[in-house]
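My structure is below; once you've seen it, I'll send some questions.
Just so it is clear, A, B and C label the chains in written order, and each chain counts residues from 1 on its own.
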Amino acid sequence: MGAEFVALSLPPILIGSLAALACALPGNFLLLRRQALIGDAISHVVLPGIVVGFLLTGTVSTWPMLLGAAAAALVAVGAIQLIQRIGRIEPGAAMGVVFTTLFAAGVLLLEQSDTSNVHLDVQHALYGNLESLIWIDATGWQSLLDPEALAWMPPELIRMALVCLIVMAFIGLLWRPLAISTFDEGFARTLGIPATLLGLALVTVSAIAAVAAFDAVGSIIVIAMFICPPATARLMTDRLAVQVALSAVFALVSAVVGYVLAGYGPIWLGYADAVSAAGMIATVSGLLLAAAALVGPRRRGQSA
Amino acid sequence: MGDAPLRVRGLTVSYGASPAVFSADMTVAPGAMTAIIGPNGAGKSTLLKAVLGIVPRVSGQIEVFGAALERQRARIAYVPQRASVDWDFPTRVIDVVEMGLYRRVGLIGRLTRQHRATAGDCLARVGMSDFATRQIGQLSGGQQQRVFLARALAQGADLYMLDEPFAGVDAATEKAIIDVLKSLKDEGRTILAVHHDLSTVPDYFDRVFVINKSPVAEGTVAQAFTQDTLQQAYGGRLATGLLDQLFPATPAAAAPAFPARPS
Amino acid sequence: MIDIGYNATLVAIGAGLLGIAAGVIGAFLYLRKRSLVSDAISHATLPGVALAFLVMVALGGDGRNLVALLAGAALSALAGLGVVHWLNQRTRLGEDAAIGAVLSVFFGFGVVLLTVIQTIGAGRQAGLETFLLGSTAGMLRADAWVIAAGGALSLLACTILRRPMTMVSFDPEYAATQGLNPARVDMAMMALALAVTVVGLKIVGLILIVALLILPAVAARFWTERSEVVALLAGLFGGVSGTAGAVISSLAPDLPTGPIIVLVAAAVFIASLLLAPQRGVMAGALEWLRFRHRVHMRQGLLALAHGHTVYEPYTMRLLRGAGLIRADGVATEKGRAHAARAALDERRWQHLRSRSENAALAARYDGLTPVETWLTPDQIATLDREMTGSGGAA
């Protein structure tokens, strides 16, 4: 059990958990700023980003694609803001305009370019392939202490951990200005907090989280984790710090339970194959949200 | 200190194709309470927001205590008419007041016990100590207004700008707010408030600035709060009854109409 | 005429009809600020498609019946719509959060079901993935007919419901006083959006169908302030995008229909954003420059008239450029004349605005427009007499 678990299940569970965490944390602020769907928009434009990254470099190496994806996310966010501002369009529609256009361009580019021999397709972008992120060199728990084996951990794990650290550092260091400008942007400005810049930084960090998570686990988890754990936590408490902490807990629970259910659920039911872990993680996060919406202590707002 | 707390020159602000405030000049006297008055839609709120850089200006220069606004942020506090915040936001009354300490605590500094005591004091000054741990949305409109005033107090500013602090609040809140403003004045701070209720202007304020898109008059209550300037600013929109009540048969002193700029 | 074949022609007609219907419905969604609800609807179709397939297979079929798949899609989209509504009404979550939660969770569950389908009989699921991005290649004739008929039906429903939707999206309160139930009209609007989405699944795919509901509507909004015209224009843009996209993509093998339709719509949007005469970006920028010019000119002249210092460098440049002041800042003769005229105009306005009987005219004061614009020379002469009579500011 030990060896198999450490080699096959531990890395995906860790990666899934880190990805969930990295998205859920900034998701709290996006949710409170009524920008919850930015995560949705970003995860759609990742596809054109990686296609362009691939076309520019001609290789399927990770970094150009990640950079392409991150660049596309920033371009999209900039375009959304610009269109909203200069075209006087409401935010939802501006988002819809930008991400559908970029996604369509991405699909077209993908079809036009010769990518049939490389592993680059829309399905992969959507569902990711969490199950394949295994650690072949692990022979058991002791491998966690073996530098030789550690060197062969899935690179996604290290990347995801790094991004998770970046996200936590950002939110930890800028907690007060983030909280103030999220609550009352005009007041933040009168304090001299560069609210626009901070908002952009928040979206940038979200984009970094989305791109790294997308690479590891596909965009469904990304969208679900940006929204569901923070929304669930929102229905449980009236304190910001508590909300953020709870959202982290819900994200981790979704990732672990979702992975286990996807991997072992069908076996328990007598079927041979596992189902999509990414899809199951999103489903579990939705069930948590449904539970909070039904019985959460703070499910009603002041107005609702 | 010879620098006026606020000096505005030639300020024009627009939301679209026509100005909401046109060519406003204003000099706020230090240590006084000044009311900004004018009819609805006269641009009073816009004037404050433009001074604070919340809305962009088409033209004009603004000096706060003799320097650019950006360098004097710490010396200004602003209380909006009705804060356009999400009242459902996960934050308590005391958290909101502590936001006012931001510039003192710093970007990554921690709140010390002393900071918390300061925030508690500010809340006490507006008579809201009992509500410190309530979620902000669970208060009445007047109570919310007082909390935002407490947040401004926590800023420890020298110039307080308030947008209709008494609009839509109960009598108890109005009393609490005016007491706080008067105590601020006694501490030598400057108050600039948009004010709606003309009948309380002489009681509450030392000076007035009258505006209707462009400035109409500026000066002490005796100089600038006259039948003539009100007529000019409000046109037909003032009930004659109110005018008679405000100015019982005293001939209006000749007030400088335009230019409002001194010399 | 380009000959694109019978199926492709049907698809192009269907895509055109669908585009018109989507444009019109999208316009109403946009005016109600609910464009992205359609994103939740479209993603929520996936579990329904998968479940319909599973049911058909369980009943012994091959699971390819398009009508049954679309019925499943419609049912689960309806459920998704219900959840969005419920979360929004019954909890403190905003509509954006409700939309995001529904689209990601339903879609995630749909993906789980797709893998279940793979598990129970590999290979047989072929075809379901095309619902993601749409595909018209190798489409059955019956399917093409389903799409053309579905597009026509949605368009018909739009036409019938056009008036109540216009009224509700323009002014729900007024509509209610006219005996319309805004909630019910909203529901009808959502039902139509759902119909358009479901019909569009096969052509455009569930990820991009939302584009047809958003792009034409937003583009149309740039050209007019009237809601009926927005709806008509959006229908036109949608129809053109649908037809043109379908025709273009049938010309070459590796031009996928859905993305091409979306990109045509995006081109229409970008053109509108830039070029529309009033709300367009270029018109807006020009307008702003002109406005700034007027403000600074007027303020500069008034400052000259009153002997005030001009602090703004831009104002100085304007005055100098127009020959109103000399390089050293002193007014020229022409400058003095213009300044005097501006000051006189300001005094006239001031007088006008202080008289209660002029309220209507006084409301037109903006600091910039000369009083001559609104008054006849006779009226101005009277005004001037009044001013000297009452000893107005000299």
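By our rule, a residue touches a chain if its C-beta (ideal position, glycine included) is under 8 Å from a C-beta of that chain, and two chains touch if they have at least 3 such contacts.
The chain list, named the UniProt way, goes like this: A, C = Zinc/manganese/iron ABC transporter, permease protein; B = Zinc/manganese/iron ABC transporter, ATP-binding protein.
Predicted model, so just to flag it, every value in this text is computed and none were measured.
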With chain centres set to the mean of the C-alpha atoms, which chain is at the far end from chain B? A
Which chain pair has the highest count of C-beta pairs that touch? A-C
Chain A to chain C, mean C-alpha position gap in Å, rounds to 29
Between chain B and chain C, what's the gap in Å when you average each chain's C-alpha atoms? 38
Chain A to chain B, mean C-alpha position gap in Å, rounds to 44
What residues in chain B touch two or more of the other chains? 88
Check each residue of chain C and list the ones that touch at least two other chains. 92
Considering chain A alone, which of its residues make contact with at least two other chains? 234, 301-303
The chain A residues in contact with chain C across the complex are 31, 34-37, 39-40, 44, 83, 86-90, 92-97, 100-101, 103-105, 107-108, 111-112, 122-123, 126-127, 220-221, 223-224, 226-228, 231, 234-235, 262, 266, 271-276, 278-283, 285-286, 289, 293, 296, 298-304
Within the complex, chain A is touched by chain C residues 30, 33-36, 39, 86-87, 89-94, 96-97, 99-101, 103-112, 114-116, 118-120, 129, 132-133, 207-208, 210-211, 214-215, 217-218, 221-222, 254-256, 258-260, 262-263, 266, 269, 273, 279, 281, 284
In the complex, go through chain B and note every residue touching chain C. 9-10, 12, 14, 17-19, 22-23, 58-61, 88, 212-214, 231-232, 235-237, 257-259, 261
In the complex, chain B residues that touch chain A: 52-54, 70, 73-74, 76-78, 80, 83-92, 95-96, 99, 102-103, 105, 107-108, 135, 137-138, 151, 155
Quick one: which bits of chain C touch chain B in the complex? Just the residue numbers, please. 92, 287, 291-292, 295-296, 298-299, 302-303, 306, 308, 310-312, 314-315, 346-347, 350, 353-359, 362, 365-368, 393
